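Below: a set of structures, written as structure tokens.
In the two complexes that follow, subunit A is the common piece, with subunit B as its partner first and subunit C second.
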Partner chain A sequence: MFRTLLRTSPLVARPSARLFSTSRAVFNSTSHKLNKDSHVYKYLQEGPSTIKYTAEHEWLAIFKDDSAFVGITTYASEALGDVTFVELPEVGDKVEVGDTIGSVESVKSASEIYSPVAGEVVAINDVLESEPQLINTDPIGNGWIAQIKLSDPAAIESSEELLSAEEYENSLSEN
Partner chain B sequence: MFKRAQNKFYSTSANLLKTPLHEAHVEFGGKMVPYAGFEMPVLYKDQSHIESHNWVRSKAGLFDVSHMLQHTIQGPQARALLEKITPIDLGSLGVNQLSLSVLLNNEGGVIDDCIITKHGDNDYYMVTNAGCREKDVKFIKDELTAFDVNHSTFEGTLLAVQGPQAAELLQKFTTEDLSKVYFGESRYLDLKTGGATTRIHLARSGYTGEDGFELSIPSGTPAEQAEALSFFKVLINEYPDIAKPIGLAARDSLRLEAGMCLYGHELTEEITPIQASLAWLIPKSRRADGGFNGSSKILGQLADKSSVTHRRIGVKSKGPSPRDGNKIFNAEGKEIGYITSGSPSPTLGGNVAQAYIDKSAKIGSGIKIEIRGKLRDGEVAKLPFVPSKFYKG
Partner chain C sequence: MFRHLESYIRLRPLVLNRTAQRSLNNVQLPFQDDLTAADSDDFGLSDFQHYQESPEIVAKRQELSGFNPTIEDATSNNISKVQEEPISFEEQTKLKRPAIFVSKLSNPYTNLAIEDYVYNNMPIPTESGSNFNRLMFYTNSPCVVIGKNQNPWKEVNIPLLNSLHIPLVRRKSGGGTVVHDMGNVNYSFMTTKAQFDRFQFAELVVEAVNNCQESPHKIQVNERGDIVTVTDGINYKISGSAYKLSKGKSYHHGTMLLNLRLDILGKLLSRDENAIGKVESKASIASVKSKVTNLGLSQLKFIEVVSRGFTNSFGKNETIETHEADEYDQNELFGLTDFVEANTDRSASSFIIDETTELPDEIIKLSDELREWSWRYGSSQSFSHEITNHKLGFTITFHVGKHGVVESFELQFNDPQLLAQEKIEESFEFLQTFVEKGSVHYRGSDIAGFITNDMISDWVGECIDNTV
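Then we have the complex of A and B:
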């Protein structure tokens, strides 16, 4: 989502990379695990089949019914600060990899969320309209943004863009 | 006649300068970012942006603004120089009084905004923006060749203390009666810093809309720097219920709510103070004879209001926040302006923004703002969004 961080506040003259690198200190290896008490985890009784991450700090929880929940990682949520507004896609939207599916705003900036997968939006987390702070309190869980029915489930395993937890963690420490 | 002060600040590995308070920012958990050539705190740990913002509106926030450039302008023609490069009337300004003004180019555009303090008929102190440092210095250097003036710049600790409890906090460190220092006034006074007493310059002013002060604390020697650093830490460590350090993030949202301009956004070299809704910066006494840079254009705009089509004004909205550069349309779909700064308002809820909009759009009228390709509803609103609480006695 931070590939093209939109309009970071002028005063903070595009410090995004720096801001994130300093907040890396608070990152730890357990902070990007899916919250097992969340709606996302409980969507199917057996939980998700796979969790993936992107270099743009999105997470993807993939279920056996070939749908995936999408949200932003703890790292991204901490870098943004207090989330004040979340713009959601609409149910029925058809998306390709890299399409904008919404945005997350804090007081100082707005960041686009890009779909890491192709498919159709089948559910949105409209609780975020009244409680955008869920992105801060439970980013990888009840702060999910959209559920997408995958048009090409086989692409998940072959994708080089989708990272395992370990690969994602390594990408953070490389930055 | 021009000398540039030796830069006493250390440089980091990335060639970023550090202010004398840098060590304390790191100690207090500041997230440091590059800003105008300095490494400055944007936020501090355990304080979200909104918490920092609200703290300043209810307590006292400490802002390190040492990256701003301080100038001394002295000599028999100091007033003449300043009254050429800005539209200020220094005759009506008393000793130890200060005023906002603007450095103007020959087309009446704003090179920078500045605060000018009068210390005597031939003795002035000015503070300008960090981001405009190079061009301001060149501009002043070019202008002063025609004047008998000594101009020098210096860097020191510049600390803004802002909020309803700012006076109560600072009073603990000086015997000077701060209730006698009103908004727009300054004093040299003794401040109990760390182990010693330091002679500092205190101005009752600020950039948040709250009551508050800006302290210029000498930091030319390591001993002076240590005193300034110690004072900053004492404020935070000994008065944790009143004082917190506040970063750049909240500084921007506070000034936006207070309707104040940020250079490079509301103010540019292409915009005159009249277009920027800052006609009050040209006092009556300067409107007859002009004589300042760009005065023919600026006085022309004052005489013929129809020559100015757009003005700086507020915008309110819900939903995604307007941001710099967003286009503004009227109800009929005609493009009528653009946003220069915008963010959610921690004080008021909803979003607030500053914009340049066609003057025909009156306060209260509905507008559309294009944000991420979609038109969103907004409303023209008056500035400031949050009323200023300056101490006027």
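Then we have the complex of A and C:
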């Protein structure tokens, strides 16, 4: 997806395609599972009911109370590099699928984050304002960005854009 | 790539001589239309057919009164051909092929809005192998441009900026603060998110410039993706880069210091904390200070060589279309087949934006949004600004929250014996009332208006942004 975001130095020759395919092997071995020690997992005693992913590399942990935590995946966090700033939405913001809910700045790049679901922002992870590096150290866990109260919980199962862990990991190795 | 450029240089005099002959002797050659078409398509010069010379260049050329081998000469005869198929700016932005835009406008808000519009309207290719990449050039009248997530009070000498009537602009990409003037050219390379690469376009610029004999400096890309030149072992930055990634798309834009007023740059970006106060903001991007210098190349030349680099790397392969359009093979006719195969099978559509270009309403709307105080200043993260009045012996610290709203302020008296303390405190009472209502924005004129002592209010206004 991000072809050579990982390059940290300019190359004289540019075998970027090959470079990227080697680094992709690393991605495949990384886990895209929710960190069980994180605040997100412990939000409800029984843990989340479903975890979904998007092609834009966001994850979604849905709980029984029809709220969902949203963040970016390990793949996206590694591709972006050191995160230096996180722009968060505001509690009370109403969002539709695909709306911008914030952005992440890393190495002079501003990357938009999109909401994979419709609903209302009920909580934001304001720890990220002082500790943006949480996006790198625990992207699928304490690096969550916002909690959204779903306006249409039934849409989750019928959505074709929300991928299971297996589908998401397959999409990474296909590219 | 190298081979292409070499052969380009080798064969270039051929076409120029022919053009020279025509323009000097005003000889109407037979098949002139066919010849001009070949000039444009076969030599990869079609990018420049919309290019218009600035009045200075025209004057200079007339002064030299005679033949001056510029790209414009080589393509000036093509204007009639272009006018046959006028294409609007909006149509150009939607083209499903690589395209170059050169803005001749100098308003920074308009240029950033055009850049945004071109980016938002760039189609995303569905099949792999094709690209609808965009390259845009623009030069802004003097302004200071901060990164999306920066704090202007912290990065820029705002009082000086406002006293010189230089606009402060916040862009939508990340990174640090840069100063623009007419001696700078901004380039903006847009592609898909999948093709995003921090270094690719900077490397293309470096190669294009280093292959240009007129360039006074050899340049290279550093580890931050900036373009530098090394003199006596010291790195001097001549171009800064910033990036934006959004759904399916990305851009890399950068400044290129050609002949910038570097003395003014230094003054605008240095803050004397003793005089205008200290700004603390945990959650904002700090600029990385670098030594800078100018490349010293002309704007026209820079745009020309980088456009050619873009066309060689990303231009659409048009060989088949060109041949279909021709009644006979002109390349063979003029013995140029080798040259054509080596170079000119790639082209990119180009478009010049000037005062006569009809811009979509959306661009006007975007540029108005960029002009809003709420975007330029108000979208900064929470910060505090501590200013000390040495004459009266007190310090005031403002705490500014989201949307640029003052949350609170506190006074500190450096001399406990100060007789005027009570009077000074009194002059801030009115401000206190309004700050508590949450209705005061961090603008010098707004704050000063609530301070009841004229001397203190002028001083606070000056320290904030020199609007009293």
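In this text, the second predicted complex is superposed on the first by the 148 of 175 C-alpha atoms of A that agree within 3 Å, B and C clash if a C-alpha of one lies under 4 Å from a C-alpha of the other, contacts with A are read in each partner's own complex, and residues count from 1 in each chain.
Convention: a contact is a pair of C-beta atoms (placed from the backbone, for glycine too) under 8 Å apart; a residue touches a chain by one contact, two chains touch by 3 or more.
Nothing here was measured: the structure is a model prediction, and the numbers come from that model.
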{"item": "First, second, both or neither for A:151, with subunit B first and subunit C second", "value": "neither"}
{"item": "Which partner reaches more residues of subunit A (counting touched residues only), subunit B or subunit C", "value": "C"}
{"item": "First (subunit B), second (subunit C), both or neither touched by A:159", "value": "neither"}
{"item": "Touched partner set for A:111, first subunit B, second subunit C, both or neither", "value": "second"}
{"item": "Touching partner for A:31 - first (subunit B), second (subunit C), both, neither", "value": "neither"}
{"item": "Partner chain(s) touched by A:87 [first = subunit B, second = subunit C, both, neither]", "value": "both"}
{"item": "Partner chain(s) touched by A:50 [first = subunit B, second = subunit C, both, neither]", "value": "neither"}
{"item": "Residues of subunit A that lie at the interface with subunit B and also at the interface with subunit C", "value": "7, 9-11, 84-85, 87, 103, 105-108, 110, 112"}
{"item": "Subunit B residues within the subunit A interface of the complex", "value": "31-36, 42-43, 48-50, 53, 248-249, 251-253, 262, 264-265, 319-321, 323-325, 341, 343-344, 346, 372"}
{"item": "Residues of subunit C that touch subunit A when the two form their complex", "value": "147-149, 172-176, 193-200, 202-203, 220-225, 241-247, 282-285, 381, 402"}
{"item": "Residue ranges of subunit A in contact with subunit B within the complex", "value": "6-7, 9-13, 15, 18-19, 22-23, 81-82, 84-85, 87, 100, 103, 105-108, 110, 112"}
{"item": "Touching residues (chain side subunit A, partner subunit C) in the complex", "value": "1-5, 7-11, 14, 16, 56, 84-85, 87, 90, 98, 103, 105-112, 114, 129-130, 132, 175"}
